[in-house]
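The structure that follows is given in the form of structure tokens.
Labels run A, B, C and D following the written order; every chain starts at residue 1.
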Amino acid sequence: MTEKREYCGLFGVFGHPDAVERVYLGLFALQHRGQESAGIASTDGSTIKHHVGMGLVRDVFTRPDLEALRNRAAIGHVRYSTTGSSRVENAQPMVVRYSRGPVAVAHNGNLTNARLLRDEFEARGSIFRTTNDTEVIVHLLAGVASQNLADPYAYVLDRLEGAYSLLILAPDRLIAACDPYKLRPLSLGRLGDAYVVSSETCAFDMLNITRVRDIEPGEILHITEAGLRSSTYCHPDRVRPSHCIFEHIYFSRPDSYVFGDSVHAVRRNLGRQLAREHPTEADVVVAIPDTGHSAAVGYALESNIPLDIGFIRSHYVGRTFIQPSQADRASSVQVKLNIMREVVEGKRIVVIEDSVVRGTTTRGKMEALRAAGAREIHLRVSSPPVRHPCFYGIDFPTSNELIASGRTPKEIADFLGIDSIGYLSVPGTLSCVSRPPSHYCTACFTGRYPVPIGAHMGKYAMERHQLSMF
Amino acid sequence: MTEKREYCGLFGVFGHPDAVERVYLGLFALQHRGQESAGIASTDGSTIKHHVGMGLVRDVFTRPDLEALRNRAAIGHVRYSTTGSSRVENAQPMVVRYSRGPVAVAHNGNLTNARLLRDEFEARGSIFRTTNDTEVIVHLLAGVASQNLADPYAYVLDRLEGAYSLLILAPDRLIAACDPYKLRPLSLGRLGDAYVVSSETCAFDMLNITRVRDIEPGEILHITEAGLRSSTYCHPDRVRPSHCIFEHIYFSRPDSYVFGDSVHAVRRNLGRQLAREHPTEADVVVAIPDTGHSAAVGYALESNIPLDIGFIRSHYVGRTFIQPSQADRASSVQVKLNIMREVVEGKRIVVIEDSVVRGTTTRGKMEALRAAGAREIHLRVSSPPVRHPCFYGIDFPTSNELIASGRTPKEIADFLGIDSIGYLSVPGTLSCVSRPPSHYCTACFTGRYPVPIGAHMGKYAMERHQLSMF
Amino acid sequence: MTEKREYCGLFGVFGHPDAVERVYLGLFALQHRGQESAGIASTDGSTIKHHVGMGLVRDVFTRPDLEALRNRAAIGHVRYSTTGSSRVENAQPMVVRYSRGPVAVAHNGNLTNARLLRDEFEARGSIFRTTNDTEVIVHLLAGVASQNLADPYAYVLDRLEGAYSLLILAPDRLIAACDPYKLRPLSLGRLGDAYVVSSETCAFDMLNITRVRDIEPGEILHITEAGLRSSTYCHPDRVRPSHCIFEHIYFSRPDSYVFGDSVHAVRRNLGRQLAREHPTEADVVVAIPDTGHSAAVGYALESNIPLDIGFIRSHYVGRTFIQPSQADRASSVQVKLNIMREVVEGKRIVVIEDSVVRGTTTRGKMEALRAAGAREIHLRVSSPPVRHPCFYGIDFPTSNELIASGRTPKEIADFLGIDSIGYLSVPGTLSCVSRPPSHYCTACFTGRYPVPIGAHMGKYAMERHQLSMF
Amino acid sequence: MTEKREYCGLFGVFGHPDAVERVYLGLFALQHRGQESAGIASTDGSTIKHHVGMGLVRDVFTRPDLEALRNRAAIGHVRYSTTGSSRVENAQPMVVRYSRGPVAVAHNGNLTNARLLRDEFEARGSIFRTTNDTEVIVHLLAGVASQNLADPYAYVLDRLEGAYSLLILAPDRLIAACDPYKLRPLSLGRLGDAYVVSSETCAFDMLNITRVRDIEPGEILHITEAGLRSSTYCHPDRVRPSHCIFEHIYFSRPDSYVFGDSVHAVRRNLGRQLAREHPTEADVVVAIPDTGHSAAVGYALESNIPLDIGFIRSHYVGRTFIQPSQADRASSVQVKLNIMREVVEGKRIVVIEDSVVRGTTTRGKMEALRAAGAREIHLRVSSPPVRHPCFYGIDFPTSNELIASGRTPKEIADFLGIDSIGYLSVPGTLSCVSRPPSHYCTACFTGRYPVPIGAHMGKYAMERHQLSMF
């Protein structure tokens, strides 16, 4: 699938002279999780500096920016917004001052009780400058500062509901935490004496950081000069692992390990399983770039049909691309993703796509394949049909816009103009990962939401509310 | 004087279809009061939109920006910061949401109890994102929202101490207010059925707005669809007019009326009085551009010495000007302000300057005059010696950097390398304005501060505190 | 007058280690002669480097640009185009290579035989990349390179017709030249052992450069390491000084000496003469900024009517200013140039303007004066009526757009809505400068063109031709 | 190989209402051939408009730019410079005016007699503004304009030596031509009634353009409203096809057909042949992105070793990427191209690379593979060793910087730190394309240069000359 539905990436380093530079490089590795804004905050032990901006990491930071931030502890953030509008005020990390001094917060995910908490705070006289969940978190933190709590950060986390990963930078510590469901990945690494936390491990390999372990559901980690201190901030009954299976299917980079598995290996397994569930006679297997590649390798291995390259993706087409003015949609699609005519002409093709959401873009690609002379097109999707919205951070459209919602595979194939379609089954999908099936969230396939959603809530209500907020 | 010491400008319109465009044009007229950032907020009666940015009005707004803001009520702000660092987060108007909905605040001046109020709020669990006094005001507003107050805005204003003018835009009203001392100007105007509020009246003439009257010390004005409602928000005993005399001497545009007088007429009077207090034999009177012109007209009139043009100012030299690398300070000054050799060569010159602060820039100009062949240089300053810091918004340096602090006129003349210097007396200065002498603040000359300053306060303490805040 | 009709500025330095920096600073002093593009070329004795760009000097050059150019000889150019369209390819200096090596040319003025020379070159097989006269000059230079000429540069200059000043930088020399009429100013200065050439002398004072003398009509100056060599490149009969009187009236900076006179002194004389030719009863004399100031000083001196400030010009309004959308022309004018109501209300005003071209902008100002309460308005123009187009570089409109063309002063006053108008006479104008009347070009007043114009020529023909050229 | 060695791309359309938009989209498809500058020129039948700029197609053109160019005939160009410095003046198409009117020229390749022609022209009095071969071509064109030639364009082409493709746009025609060796590809297509010419055919598929045929060596094509007219502009003896084999190995997009073959199919064949020439025992085949993919498909097919994904390339790292300051080269490489640890750890790996030039970047990748745990590394290169410079447009370094120059495969493997290396043989390479071996240029492998190079020439002499030219 190529619809944008990424979200945020977090990266933090504590105790390294080049902490800011490591965060900067780490954010490049996480750029696929957010291209809307980027930011870094760092501390010298008493004050906090930060630099944030709209756009890609490469465009937001200059060398002087990095030099001005240079410190031994830093956190960074790349953002793709699912809630909150697109303004620099919403860029993270958010830095505020409260009674205990300055603090920076970077956050990935959606709070399902954000609206309730906002109302509560406003009723008590608080003000909000952004439409960002992060601002709710810092209000909570400031609200308990005067109380004599063993761990005020843990206390605050226990108040949050929803799916999130979190980095907090205070002058004396770096805090990393996951929600009790751990929908989003977050991993701990080690770089010499320093600790590193990252949304994905792909950043570890490239920076010579040793992968240590995942942050656990409901875990809060205090990293200070004294070392690491871990605890569970919520009642053990609340801990119920529900890892987002879409991290494996689409979001995470294939060179990452998330929820204990290699993403690439999982996807290759999905491809193998897909070949078992939906075999077909064909001449060649091709992937839709870039996310279909790993599954295509698996499908080819299992089916013994040769793998080849069917699509060429151009990386030069950016946001400023001027769409053709005439009714020539095909050209517009193919400027970005051209067909390899030599491979498909006169052939029976198995096309591997990671998922199908609205179906409109997929249809464009299938039409281009057909126009290039494909004799038969067999679409194999390395995930089950997406039929339900996601309330935890994925920007799926509403149910009635989802192609798989209320349609049979045959109807979908007809809509796409292809010879057959095969979706992976939910059990088949879950057989490709190593943790127990109950430890994954499959709500977008099954409608069974592991994290409670307030009656008045839902992303759409939320968004509507916020748009009229200011 | 050419040292930067401007501060902010406010402009608001309520009840006009082109409110936003009028505010945009009005901000051009107030640009001399702040070049650091500019912003406009507008309301359609339920939500508030805003657009702010760093830099000049002409660079911050595009036509689409203005069109997106188009509404019947709007406030605008240009800012030169005396406190708070230079970041877009500090740009105004500040827009927040609290329990009563959205609100935009634009503010000119310094609160002397800002630190105390911040500490109080932080102790109660509030968070601060900026180093800006405006944020204190919105916290106060949110804090009383749940109480059943006749006029919560008035209640909030009564809590503030210091020198300020204020515009608040709520969905249903525009509020304008002055502190009980009214250190800064704020005037009311009328444009058809609409009301207009502006820091200075120069904007009125150019926009065909009728000048109605000044906002009074301690006055709060509610402008709604129902019309105008005025009241005094503090105890009458607290009202003690203390208008900043430097508005007349330097800050305000000569085409404005402030505190009841024409600025140009006051400056011309200052020049006449200066000729009476410090007559001299000379061939020609010249002004240092641009603020010395009005006083020079007066000096020439009273002394009967011909007025001529001694300096030419270039308006093409901007912030990106690359200073000469060699030790050639004179060139650097003269690229901006060249001498008219023909006028000064071999002549006895009276030079009119509005004020002398550090003296270093003035010395550069005097050296250039001498190099161009001036035979005698008699500096006449249309204000008394500045010897004390300003805690109400003017960016004077500390006392020991003020040239007049602890030096006799003779010593200052020697430092500047000129033949004589004459400062206006304080009573002479006050004889040029039409309100009673006790109604003006002359603290920078006399050290008598009309607005109490907290023991731990002072701008310098404040600034130090804030710089280390984040 | 405020219509744009500036043209180019030239500045060159030979033999100074900071030649490039001096040229950079010099271009600031000449910025009023052209704001469209700026450029500098420098030589190390064998190659030539250059940097040009669209916009103001301050925006075109960065410090690294200047450092990359650093050399002992350099020429610079600021451009306001009267012919040739507005593209970076037309920016100067133009640098080309021909058989004798590289050469840079910067040029101020219009060649009246440019079209003929172009046709001639094209017929011989030459190509043109720009619509710029400068390209004609370099073709001429290349065309004679193989001939054994005593001074090929002089030979080329003798082929040119029209009004121009010229700087040529070759690896071994800096050449400065004026046309035989010397319509445009060009002066020689000395900075230590180095020689400097500048369109105006205002740059000399600010850079501690000693004014040596003017470059003479028909003179070519070779500046090399061996020193200065001067000659007349054309037959003495062709030398006929015809200095543009508008340099004194409007173009040049008042702090310059051009054609042997101080510009400010000439303007003050024009004002005095104007008071003699057109006395009036009035309360106050005011100037239209910025060019009316010098003449206003003279008018006030001669008439004994007090001088005051009637208009305030804002320097913050730039090219990106968004014009009011409604029919509110007055506001648009006054945002840039506001009236000082205090000075004009109820008064009889003498307004000094340097010239009136179309009359539309002047009318806007007169209406604003009237709206501000002026009782009587007496416009005094410190030049004769402009009735004829200029073919030598000033961007006047065609005759039928000139307000003074075919109208009596009374009709003009009625059009402008004022009580009286007084133009200076031609003899009166010429009595204010020190060279013989026959040495000045007054074609725009009298229609007597000193420099022949080809039958098929005229700026309008030229421009039309060029617009369709590519 | 990832060293930059692309060159230019050409695209032209004649006779289509959306010609300019088609050229714009076509340039996206050719962007891999040049990222330094982009430009489009179009004609309305009498004048020529153009827009060029530095950078990527997406950044150079705005919608208004395209609308301003809208015409029925247009040519476009993307440029990667091998000669001429990087300045906007060198951007193409170059538009000039000569005696026959305006003309636009876009050019791909290097003229080997450019220096001689320049000298010849300069001796005759011509001037040059750029260091670009294109300027030589337009001088030739202008030089013969007055002669009565049957086809002046053909006459000019016959004077050129070297490797080039060419598009010329005159008001009445589009001319396309190839040098007699046809080192670079150029193809003809049809879009309705309009004709299209493109450097590569990949642009045809995506724009629904029918591939017609290649432009032949020594062919000149006149496309006018009257249709197509083809001729050979040189003596038949000079026609000697010498197609650049590197177009197949590396330059062209795999979805193009060049010199009669599908690039992807040729590369797959190269991979198969490589498996035959250099078989090995291994666990997995991986490609170095992006150019190694096609050959890896072939190697895997032939060797029956499974194909997998070994490297992940990030497309977010741009020119403004800030290199790590510490000695951490590995990180810098891996930010762009990370290893898939899961695939390589403990495995015997066959790595497919299209070519190895300097070897330094390849070594970085091999080190990263080893660090990720690869047990054995067998590098297979789908081309012969590059041992000689290219004088026809490829930016190879000098011989002594080429890793394969004077080193045995064993020595190279040692340098790279790998277990074995296998290069394809020259005959093996030529067995993968369908034209006779003698029809390809393999000079960089064999040192046999098909196109004569002047004694004083060579790219390096040329470049040196040009750098000191201005």
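By definition in this document, a residue touches a chain if its C-beta (ideal position, glycine included) is under 8 Å from a C-beta of that chain, and two chains touch if they have at least 3 such contacts.
Quick caveat: nothing in here was measured; it's all calculated off a predicted structure.
Centroid analysis (C-alpha atoms only) places B farthest from chain D. Once the centre of each chain is set as its mean CA position, chain A and chain B turn out to be 49 Å apart.
Centre to centre, using the average C-alpha position, chain A and chain D are separated by 38 Å. Note: centroid distance chain A to chain C, computed from Cα atoms, is 62 Å.
Residue positions of chain A touching 2 or more other chains: none.
Pairs of chains in mutual contact: A-B, A-D, B-C, C-D.
Those residues of chain A that touch chain D in the shared complex are 18, 21, 24-25, 28-29, 31-32, 35, 56-59, 61-63, 66, 202, 205-208, 253-255, 257, 262, 264-265, 268, 293-294, 297, 300-301, 306-309, 312, 314-318, 320-322, 324-326, 328, 330-331, 334-335, 338-343, 372.
Within the complex formed with chain C, the residues of chain D that make contact are 46-50, 88-89, 94-99, 102, 122-129, 138-139, 141-146, 468-470.
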